[in-house]
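Quick heads-up: structures coming right below.
Both of the next two complexes hold chain A, though its partner changes from chain B to chain C.
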Partner chain A sequence: MKLTEEQINRYSRHILLKEVGGKGQLKLINGRVLVIGAGGLGSPIALYLAAAGIGTIGIADADRVDLSNLQRQIIHSTPDVGKAKVLSAKEKMLAINPELNVVTYETWVCAENIQSMIADYDFVIDGTDNFAAKFLINDACVLGRKPYSHGGILQFDGQTFTVSPGESPCYRCIFPEPPPKDVIPTCSRAGVIGVLPGIIGTLQATEAIKFLLGTGDLLHGRLLTYNALRMRFREVPIRKSPKCPICGDNPTITELKDELDALTVCDLGH
Partner chain B sequence: MKITLKLFATFRNGRFKVAEQELPEGTDVRQVVLGLGLTEEEIGIVMLNGRHGELDSTLSHGDTLSLFPLVGGG
Partner chain C sequence: MNLTVNGKPATIGEETAVSITHLLEALQVEQREYVTVELNGDIMDRGDFEKATVKDGDSVEFLYFMGGGR
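What follows is the complex of A and B.
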């Protein structure tokens, strides 16, 4: 496979980078990334992956665009209110880059559907807004040995790290169990500053691009935290936990289940 | 024994950013968390002397304990 003249022009600023070049751009074009969540985090992730020319991008979300989303979910516009988020997202992604194959999944991820969904992709990005989904994505990716980027935001704080199952610590190495429902506020209850998902989501998209290129260092074993008020990034070094219930020495989680007690936002849609 | 306790994000509301605390020998992280009026479920990351710690971790004189809330939105 060779780049066309138009592709060479479109991706010229990538191709100029020695870490990318023509070969790297072809890796991106042949790359397959699944974005779970087409909201705050999913918006910049999907837009940047589309612009970067990731050839196949899956996007999963069962929600519809609401006026209150538009303060931060920049892939959606005012005329999209009421439209399925995955369809609104697909339109914007194809407007940036019509060559892409955008696969939409208008559903919430659950234990029953996630394994077959992630199987088709090289890398998964968690852009979901609830702990049930975050734990499910971790478990599915660890069991399916699929690398993924975790992201979380609330109010003025965000965090992200990248999991390569078997190589690096997973979400449950840090947080063995999801918190009970309603203990931790969601963005819809506690608020979120609109630019925050732009920062964290862009970091997550960067990880996917680096993964496909096979260049640089991924956020393995380092939880990157960000506070917008103090404008401070921190790194918390994390280790693989021998006691981790899914990737430790004696795993107790060997199959997927929905964390019903931890549902916060998704349950509204079921 | 004396430790340095650092709180982050919403944990600072109505509390403090950083404080020295005088604690009995053998105190663990969980006891410090409960002493702040927080519950175990609210704790996201426990960082002990710059490394990932756990609620069961026993504290020693001179330790720096940092507590971050859970962040699960998107």
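What follows is the complex of A and C.
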């Protein structure tokens, strides 16, 4: 497979980078990334992956565009209100880059559907807004040996790190169990500054691109935290926990289940 | 004793080892019931929070759940 004249032109600023080049761009074109969530984090992730020429991008979300989303979910526009988020996202991604294969999943991820969904992809990105989904994605990726990027945001704070199962610590090495239902506020109740998902989501997209290129250092064993008010990034070193319930020495989680206790009413209905 | 808390120097009045529960109170840490505590690089079991494990020179990180994304 060779790049066409049009592709050489479109991706010229990538191809100029010695870490990418024509070969790297072909890796991106042949790459397959699944974005779970087409909201705050999912918006910049999907747009940048599309622009970068990731050849196959899956996008999963059961929600529809709401007016209150538009303060931060930059892939959706005012005329999209009421439209399925995955369809609205697909339109914008194909407008940037018509040669992509965008696969839409108009559904919430659950224990029953996630394994077959992630199996088709090289890398998974968590852009969800609830702990049930975040723990499920971690568990499915660890059990399925699929590298993924975790991202979380709230108010003015964000965090991200990258998990390569077997090689690096997972989400449960830090947080063994989800918090009890309703004790940790969600963005829909506590608010979020609109630019925040742009920052964290763009970092997550960068990890997917580096993973496909096989270049640089992934965010393994380092929880990157960001506070927009203090304009400060920090890195907290994380070790693989021998007591981790899924990737530790004696795992207690050996199959997927939905963390129903971690769901909140707004997560389900919104 | 002198500690490093979330990357910054911090001092508490006690001179002998204290429990994590005591430290959370002394530093008025937010979400004390749910915060994850990393002591010198190890994530601590919540069941061990009452043991006197924090001593002079230790490094402590408080890590919070962040469930948002949309």
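The rule is short, and it goes like this: the second predicted complex is superposed on the first by the 265 of 270 C-alpha atoms of A that agree within 3 Å, B and C clash if a C-alpha of one lies under 4 Å from a C-alpha of the other, contacts with A are read in each partner's own complex, and residues count from 1 in each chain.
Just so we're on the same page, a residue touches a chain if its C-beta (ideal position, glycine included) is under 8 Å from a C-beta of that chain, and two chains touch if they have at least 3 such contacts.
Please read all numbers here as calculations on a predicted model, not as lab measurements.
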- Message: Per the contact definition in the header, classify A:Ile174: touching chain B only (first), chain C only (second), both, or neither.
- Response: both
- Message: On the A-aligned overlay, A:Glu91 touches which partner chain: chain B = first, chain C = second, or both, or neither?
- Response: neither
- Message: Which partner chains sit in contact with A:Phe156 here, chain B, chain C, both or neither? Use first/second/both/neither.
- Response: first
- Return first, second, both or neither, reflecting whether A:Asn227 touches chain B, chain C, both chains, or no partner chain. first
- Looking at the overlay, what does A:Pro197 touch: chain B (first), chain C (second), both, or neither? both
- Message: By the touch definition at the top of the document, which applies to A:Phe131: first (chain B), second (chain C), both, or neither?
- Response: both
- Query: Is A:Gln73 in contact with chain B, with chain C, with both, or with neither (first, second, both, neither)?
  - Reply: second
- Task: Pick one for A:Arg239: touches chain B only (first), chain C only (second), both, or neither.
- Result: both
- Task: Enumerate the residues of chain A that count as touching chain B in its complex and touching chain C in the other.
- Result: 37, 39-42, 126-131, 134, 151-154, 157-159, 174-175, 179-180, 183-184, 186-187, 192, 197, 223, 236-239
- Which residues of chain A touch chain C in their complex? 37, 39-42, 63, 69, 73, 126-131, 134, 151-154, 157-159, 173-175, 178-180, 183-184, 186-188, 192, 197, 223, 234, 236-239, 241, 243
- Message: Which stretch or stretches of chain A touch chain B in the complex?
- Response: 37, 39-42, 126-131, 134, 151-159, 174-175, 179-180, 183-184, 186-187, 190, 192, 197, 223, 225, 227, 236-239, 264
- Which of the residues in chain B come into contact with chain A in the complex? 8-10, 39, 41-42, 44-45, 47, 50-52, 68-74
- Task: Under the touch definition given earlier, write down the residues of chain C that touch chain A in their complex.
- Result: 6-7, 31, 33-34, 36, 38, 41-43, 45, 61, 63-70
